[in-house]
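A, B, C and D label the chains in the order they appear, each numbered from 1.
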Amino acid sequence: MKKLINDPRRVVEEAVAGFEAAHGDLVTVSHDPIYIARKNAPRQGKVALVSGGGSGHEPLHGGFVGFGMLDAAVPGPVFTSPTPDPILAATKAVDGGAGVLHIVKNYTGDVLNFETAADLASADGIDVQTVIVDDDVAVKDSLYTAGRRGVAGTVLVEKIAGAAAERGDDLAAVAAIATRVNSVTRSMGVALTPCVVPHAGEPSFTLADDEIEIGIGIHGEPGRERIKIEPADAIVDRILAPIVDDLPFASGDRVLLFVNGLGGTPQVELYIVFRRAAEALAERGITVSRTLVGNFVTSLEMQGMSITVMKLDDELKELWDAPVETAALRWGR
Amino acid sequence: MKKLINDPRRVVEEAVAGFEAAHGDLVTVSHDPIYIARKNAPRQGKVALVSGGGSGHEPLHGGFVGFGMLDAAVPGPVFTSPTPDPILAATKAVDGGAGVLHIVKNYTGDVLNFETAADLASADGIDVQTVIVDDDVAVKDSLYTAGRRGVAGTVLVEKIAGAAAERGDDLAAVAAIATRVNSVTRSMGVALTPCVVPHAGEPSFTLADDEIEIGIGIHGEPGRERIKIEPADAIVDRILAPIVDDLPFASGDRVLLFVNGLGGTPQVELYIVFRRAAEALAERGITVSRTLVGNFVTSLEMQGMSITVMKLDDELKELWDAPVETAALRWGR
Amino acid sequence: MTLNTDWAVRWIKGSAAVVSEHRVELITLDREIGDGDHGENLDRGFSAVLLKLDDLPTDATPGDALKMVATTLISTVGGAAGPLYGTAYLKAAGAIAGQAELDGAAVVALLTAARDGVVLRGKAAPGDKTMVDAWSPAVDAAAEALAAGLDEAAILDAAATAAEAGARATEPLVARKGRASYLGERAIGHRDPGAQSSALLLRVAADAAAGA
Amino acid sequence: MTLNTDWAVRWIKGSAAVVSEHRVELITLDREIGDGDHGENLDRGFSAVLLKLDDLPTDATPGDALKMVATTLISTVGGAAGPLYGTAYLKAAGAIAGQAELDGAAVVALLTAARDGVVLRGKAAPGDKTMVDAWSPAVDAAAEALAAGLDEAAILDAAATAAEAGARATEPLVARKGRASYLGERAIGHRDPGAQSSALLLRVAADAAAGA
């Protein structure tokens, strides 16, 4: 394991300190317990958005704290959900009296820890609602699993719900729009290489030199199947089909197409993927009206990507286009 | 070699097509010869900025085409300078009558090919000036080398010269400010892993499991020395010293600190690096007034990073802060 | 020969030791069918618990000690295991609240409450390939041992032995809860890390009682 | 036995073949002390040249053929080698412009102009560990062979042999130009890829003349 770190157990602490040094214009950082809050929080009368989860997926979530998106992000240890304490502290710190929306990726740990924090916050008189993100179609949603995982679609939920909060929607409305984004968003990913969690020191899984993992999770959880590497276009077609079929997306739909790098994939490859994904959607009569390409929900240095498609309507488009000013996503100001 | 590509010889072509599909609101793409131009170019009366070089360093340069930065980017094959033809075509396409500034990283191939293109453009009556970027202190500048390499500092030159052009500076003034940025900017990088050029199919070099390359070039050119891996803070101190000593930067200086990922480094690591770099500058009495962290000048999937420090004055600060609207750098609009 | 706070403290110290010793093993199990952090998570949690032991009042009951474990795990472990183990210890503490000495019935009540806490939080049934597959047989075996008139140490030994068997028995299962449920058939052949850590912790409880 | 356009065409076809054949070797040399694209760059360039050969007018002179090579390399190779080889072929073409048949003196003029073109563009001196280290001894050897009264084929053979020796002789050198100059002492022990490709191309020129 070769990493630019000082101590496997201080990765999050030091990274957050660096984040504070780099983005002190946008955020305030609490070091104990660790959370990242929007500068000048709380904003009175605005619904506050809090998200979080294991670290190692940066820029998710800290990179999305700021105007028009999150009010606070709570980073746990690498790939491990934070405990209720920092979630509660962040929730209290950013509540501006209009309530707090917890945006939680659907993993047992995240769900349970946010649940506890929400209970404690409610006991303190804070109005908390929770939206679970579960956009990953790689995992079948059934009574016999923990349900679908929350992956790259989380960015879209955070952006759009953030815009709704910024325009003055109340907690129920912000929660409703977050739920709606999740309901019209589908994702699936593929890994070419594993990643190494600092405290583990070894790859999360092994893939042969010619193997890829279809349906990978963002913590290196295995996916649907392991196959021999194929041309990029074939891989795109292979993961786009279940995405499109799941909702389903249909001819005439306008969508946002999001190609997300898992951390270690060169940008040229992401654009080669984007090219085919856009083409394949066009072949189905689906119009790509908004786009996002880059490393937004990563798995440390993993090579691979995920594709996310969100069905747009006028309101979602308007909220997507609304100004945002965070370390990792910024436009309109 | 596992890559999300279809054909090693079509990587640039397809990536550029994907870039066009994703960022058609910002750019227009010419496919033969290949270059990326700002939407609605040429802009009459504005000095146009053209840069380019081998591909594989994305988002450099295509990601910096747009308002307040480049008017055109010319991507060559992976790690290989483009030929004069596309450079000439791009130069002609974006000239708005006020002349064109070529921003060229100091590599023999780039210098020679841009030189030929500039000669041909001049012969066609276009006013072309060239600024060579050579910010890499890893390589000693002497009569006995090809001079210092141009690396991550290129982004700062492109941003600030782009802002100068946008505010209406004439060609000589834009060239002068680009030259000035280069003269107050110093960089140095370190690699943890090599990268694989698609057509080569093999790593550009090999590093043992506990080795890192200090002073790496962005094409995998070897650097100053190969050492055993150290804690991140020690690595930062090791490469920051030659950067600071070279200009030299001195107590009382205000600087822009830029920590650049080489492509495959997780963001947490970049922020751990940023933390120490900011701290080490503070220890020398140098104030970090502006910051940039992320993958901006990459070497495909290489793991590693570079640190760039630029000495600021009021004008450079103002031009840095000026609005920019490109695929990879955006603020103020 | 009932169990007192000394026993609880020995259990807690032993737990910290066993988790640290088996850290890599638990990480490896979790890497195979999860995300490779279970050993790290528990090690972080029990290291924190160990530090807090010094603050335990001299007149603390076994329930007080377990409650301290619960709140510390909840606030330091994170992931799925944090809330699950946290709830287990919290409910266990509640079941023996106020008792200075635990007899066999109290031990069974403690184990039952712990198991119920995990089920309450995680909604897993036996056979879902989770820590419930260690706790459930442990509770059953403990109840049988109590009915058979065995003493506290023997009850805990029976529980630990059943938990160990339960952990082993997760190997052929497909998971229905937690991260391993994403794997479908591919989870088969791997032991559930949470079931394994549960068995380790129960063995330490028995050892602590045997030494009493 | 002067050299005509048939010779030039054989040289060009042979060049494309030799570059394709040695693509990996040149990539490997360049990976060691450069950026690993030299073989790819030349292969791309000469593949394009090959396609253009068909468009060559039937009355083309050797100079016309070399000029076509020059412009094609310039517009397809890129990197350092594109402009350098492009200029070499362009100047070579200029030195023999209008001549349908090349005698020994013309061959020496062609080689000298090529070498001068590289030096003009790249500013490298002999000993800088670049393609100049192949071209310079080649020009000297060709001039000597001409002075010794040898024929065109023998002149080219002498040039190629000297270029091969020159390429080998780059191995112990520290580079002063091009990408290898960044390596300092670490370039020692590696052959310069551009010198090696130059030697290959000159050997093909000699072979094409020997076959004439």
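Everything that follows uses one rule, which is that contacts are C-beta pairs under 8 Å (C-beta built on N, C-alpha and C of every residue); 3 or more make two chains touch, one makes a residue touch a chain.
This one's a predicted model, so the numbers in the text were calculated from it and none came from an experiment.
Chain centres were defined as the mean of their Cα atoms; on that basis the chain farthest from chain B turns out to be C.
Spacing of chain B relative to chain C, judged by their CA centroids, is 55 angstrom. One inter-chain figure worth recording: chain A and chain B are separated by 29 Å, centre to centre, where each centre is the mean of the chain's CA atoms. Chain B and chain D have Cα centroids separated by 33 Å. Among the residues of chain D, none is found touching two or more other chains. Residue positions of chain B touching 2 or more other chains, listed in rising order: 78.
Chain contact topology: the protein chains form an open path, each linked only to its neighbours in the line. Contacting chain pairs (ordered by label): A-B, A-C, B-D. Contact residues of chain B toward chain A in the complex are 2-7, 11-12, 14-19, 21-23, 55-56, 58-59, 63, 78, 192-193, 195, 209-210, 212, 229, 231-233, 235, 259, 263-276, 278-279, 288, 291, 293, 295, 298, 300-301, 303-305, 325, 327, 330-333. Residues 27, 31, 34-37, 40-41, 44, 74-84, 121-122, 176-179, 181-183, 186 of chain C are the ones touching chain A in the complex. Across the complex, chain C is touched by residues 54, 76-85, 107-109, 112-113, 115-116, 138-139, 144-146, 149, 197, 199-200, 202, 204-205, 217, 219-223 of chain A.
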